[in-house]
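There are two complexes below, and they share chain A, which is joined by chain B in the first and by chain C in the second.
Let's turn to the complex of A and B:
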């Protein structure tokens, strides 16, 4: 198609202007601040090169926050994958009423994570929450677990909440993969003597593996930035036991006002995320 | 070839029933697991404090009423609803306005090539904390903290890459011949974009608009950093009900209903595009 260069680039220009002014420019500004000794509680600022980074890499609280975050990523995404696969496999067949039920199963994904987080805070409540009540019925005596403060249960609560909200996403993606598999392939496997489980493991899983990988990468990248759920459920507590990397940078920047140091931390997060993003984009471009 | 798929051997009658029984069991468990929390949170809105602050909690409210919703109006929390509508709505319109032409140019004339498209997408994946921190400092200088334009522009900028990426896909789905015949008839590029391509991509456009709106509506980190009192959005208003000392569960429940109902309805409208919209087009 013939087109003038003016209209070709003119159509793109406004969007680039918006992205540059509110994404690229702020990131460059962030980079600049990260080289400064700038603390709102003290007057003045000066260039100190990489000192914030040197200091930052020795910050135990950052490494711990990174560890907490990675732990949640691995456990939550694995659980979402398994549960999503079970659900997709159950719903892949020609089940009556499927079309009516699926939109309801998806609702957690649509809900604002902060609203869901505060909602679950009421569910996990020791005295007034239904979870302890239900467990009490199961075991036959009152249960008084302090889910969100006890260090033995707090990660479980966080991860269940996260898994509740995002398993439907995994389910939706995998279902799309499963219904795309032609029944003839399963027939062929059955003729060759494969049972249902073998057919699932050796036929279905390899066929949807590329899709699984994309879904897992999307979720992992998202959970790595987890903030809302932790903010509303535990605020990083007890102590800093569940503090994630985004929450730590947030607290540094908006509670302590150590701007230069915060910026260096944010740049470190930016670099980690960019590396992971590259992997996802490479997968997307293979499609 | 039009052979009907024959059932594999394991779907003989007994196994067939077993498979369905199992499927329904999984479905029932999933239904309860995913919907009970929502029902509980929404139920909070119509319970009395004596019912939700009793141990064990009361499940079915004895005299459900809308008192907590009335409370939201009286204490002006409801203003956050208007703020969210204005900010998420304008951000969506703006992101579509700048994103669609760019997407069209990239889809049809391969502007910037493949790498440029991926670079655009990568902007959507930047960690929000690394954006909002410098943006907060910049907005402080120009006096945009706690203003409509501040949060709106940031949401628009952050979602424009999403709009470009998705719409590029939808435009590419349109057969190029349709547009070429219009060009032969002497229509200009802009004319073809506006009166042929855009209407043909209408369904994708609506789906993309809905997703952009939902992202902005649900967003918390940008909002909590960039609002103080005047333009507080619904998610930020929500956090106000959970102080360290006091908790207003009834009001929180009512606000949850207000926060969720609009996006639940919107999601039903775009059911068919849900997977594509949530997976950045990886699954069609």
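Let's turn to the complex of A and C:
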């Protein structure tokens, strides 16, 4: 082995050490823990093989949490996509106040989700919240909707908060796609007799579809991990009505200290996210 | 009388008097013993884990500085919000960080904390320093919380019993009394049953809303289980089948109880489902509700006690001074909701000093001063507190207040205190909140019962059966 070869290994060694210590080791350790019956409140721990996984797959609360999460992912990301696209389309052309409007529009993204969550919690407040106040003015009598407790309104409140914060992200990505489309393509479509709607649907959308898929993928993965907003707005309530998978895993691990079971849950979530990502990426590469 | 006899009598009298004078001096109090023994640790610092906020004002502003003055030992207070307390104790222990010497913990968590190795048994220290019979002054109900599996892990320190507060003036009002009798054919008196509570609450709400509502109870998720546990047991529900350990919290009586609780919300202020301690308390102080059920502090503050101290400047001005009546919660058995024990951390490097601080702080003399601190949240829990002339003179209705606290403790119901208590309670809490949110009570409780069964299975049915039978055998586990 000559010096050049040694120096090659030397150069990559720090990166490998970093990856092993920060990524590979934690994942392997997580896997190992997931095979243990390890409850920090009880003495001892023992190897129980796949028992945590078997129990996890039969855990009704986990499946419910997963269902809640997927519901939020589908509704919130769809709403963000539609609203983001509408906003991007509206602001893609020449507009006098564009340079002022865009920075204002992206402000929510800059905000920490926990801050946004607590801010919206005050807005949704039954007694002092401006939302009930405004509705009261509109309908002419006091409105006392308990937005964050009532099972009929709680998802609406949660998703509005989420959409408010993250639509600007979708808007920015799509705006970048829209401004990159050459005006000549639209001119050609217009010459061929396409109206504004036809041009948008048959020209603009296909051209920005890869970008849309990337934006949807990023947002879907992000919303799948939704924690701060739920934590600050509902803490999964009423009961477990809005409990998401990340919140459930958090409660298992950090409130109930069931390390082995929590690790198994985390692995199951990891597998599910990996599967979803693979499907979406395959779809993207097909595009 | 001969000279010899006179001399003998004189000497005898002098001896008696002398003995009489010195006897009290020799029988040192628990506080004195603790202070004298702790002086050898002068210059050290004890870290105490305490609930954040007003609770922590006691060690920060009173007991900490006082202990430092008496012993030279500094007290460093680590404040933690209530929902994080348990996690903080366990994680600090697991990390071996030796973060705390004294731990203020909820007695219902004792079994779990002992199993996790967080708490140090106090028996060697008690044998060495605690004068015999001293703990007998702690109310017998609260004494049931000191031990786990035959060992003492904490000294009780906070008599958190639920009290029903009602507006005397509204109940005494002749028009109200006549209208109530006309409507229900019975006297308008502080309700003794939940059915009457609903009637009285509805009566006042109907008459006075929106300026005043008949009643309010905190309904926000997180502490709902206290009220559910109380109401269920008052309605005859037992938490488990003592033989099979199958959860009984979804039996017909339990479902009916939760349905009544949900139904009761209709007479409370709009949005009560999101009201916590502060919202209920503020409405009470502002004179906007006729009855509330809460912990002891509102009973003092709404009579104006402590309103002018720095720590309580944020309190809304009370508009109900002189109008506050006190009673045990409907059903006759109030929940002894939470409370606090003081224990020594198993990881402490200064266990003896930590214990001595606890002995001093919970002693008859010191604890009386602490429960009378206008700003702190420690509530009377010793028989001598209830009888204290000093306390009974604090405001005109203080004697009635103290008598109600004692009666509440006499008949009170202990929180479920077995391994996994926190998990059982959180599950019941979720079910209650879900029902307030619109889930049918039977469905919410079925789910909670299934979760309870899972918790029992996981911890071990035999182990839980033994722990439950021991707990259920305590005089204040269920109404008797």
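By definition in this document, the second predicted complex is superposed on the first by the 260 of 287 C-alpha atoms of A that agree within 3 Å, B and C clash if a C-alpha of one lies under 4 Å from a C-alpha of the other, contacts with A are read in each partner's own complex, and residues count from 1 in each chain.
One rule holds in what follows: a residue touches a chain if its C-beta (ideal position, glycine included) is under 8 Å from a C-beta of that chain, and two chains touch if they have at least 3 such contacts.
The model shown is predicted, which means the values in this text are computed figures rather than measured ones.
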First (chain B), second (chain C), both or neither touched by A:239: second
Touched partner set for A:151, first chain B, second chain C, both or neither: second
Touched partner set for A:127, first chain B, second chain C, both or neither: both
Chain B versus chain C as contact partner of A:190, first or second or both or neither: first
Partner chain in contact with A:254 - chain B first, chain C second, else both or neither: both
Chain B versus chain C as contact partner of A:178, first or second or both or neither: neither
Contacts of A:85 with chain B and chain C, given as first, second, both or neither: neither
Chain A: partner with more touched residues, chain B or chain C: B
Contacts of A:223 with chain B and chain C, given as first, second, both or neither: neither
Chain B/chain C common contact set on chain A: 127, 254
Partner chain A, residues of chain C touching it in the complex: 86-87, 90, 94, 112, 115-117, 210, 221-222, 270-271, 273-274, 279, 423, 426, 430-431, 433-439, 444, 447, 450-451, 458-459
In the complex with chain B, residue positions of chain A that touch it: 1-4, 7-9, 11-12, 14-19, 21-27, 29-30, 33, 86-87, 90-91, 93, 95, 101-116, 118-123, 127-130, 133, 136, 164, 167-169, 172-173, 176-177, 182-184, 186-187, 189-190, 195-196, 199, 211, 214-215, 218, 221, 224-225, 227-228, 231-232, 246, 249-250, 253-254, 259, 262-263, 266-267, 269-270, 273-274, 277-278, 280-281, 284-285, 287
Of chain A, residues touching chain C in the complex: 39-43, 60-61, 125-127, 142, 144, 146, 148-152, 154, 235, 237-241, 254-257
Chain A partner contacts - residues on chain B that touch it in the complex: 5-6, 8-10, 19-20, 22-24, 26-27, 30-31, 33-35, 37-38, 40-41, 44, 52-57, 59, 94, 97-99, 101-102, 104-106, 108-109, 111-112, 114, 118, 120-123, 125-131, 133-138, 153-154, 156-158, 160-161, 164, 176, 179-180, 183, 189-190, 193, 214, 217-221, 225, 234-235, 238-239, 241-242, 249, 252, 255-256, 259-260, 263-264, 266-268, 271, 274-275, 278-280, 282-283
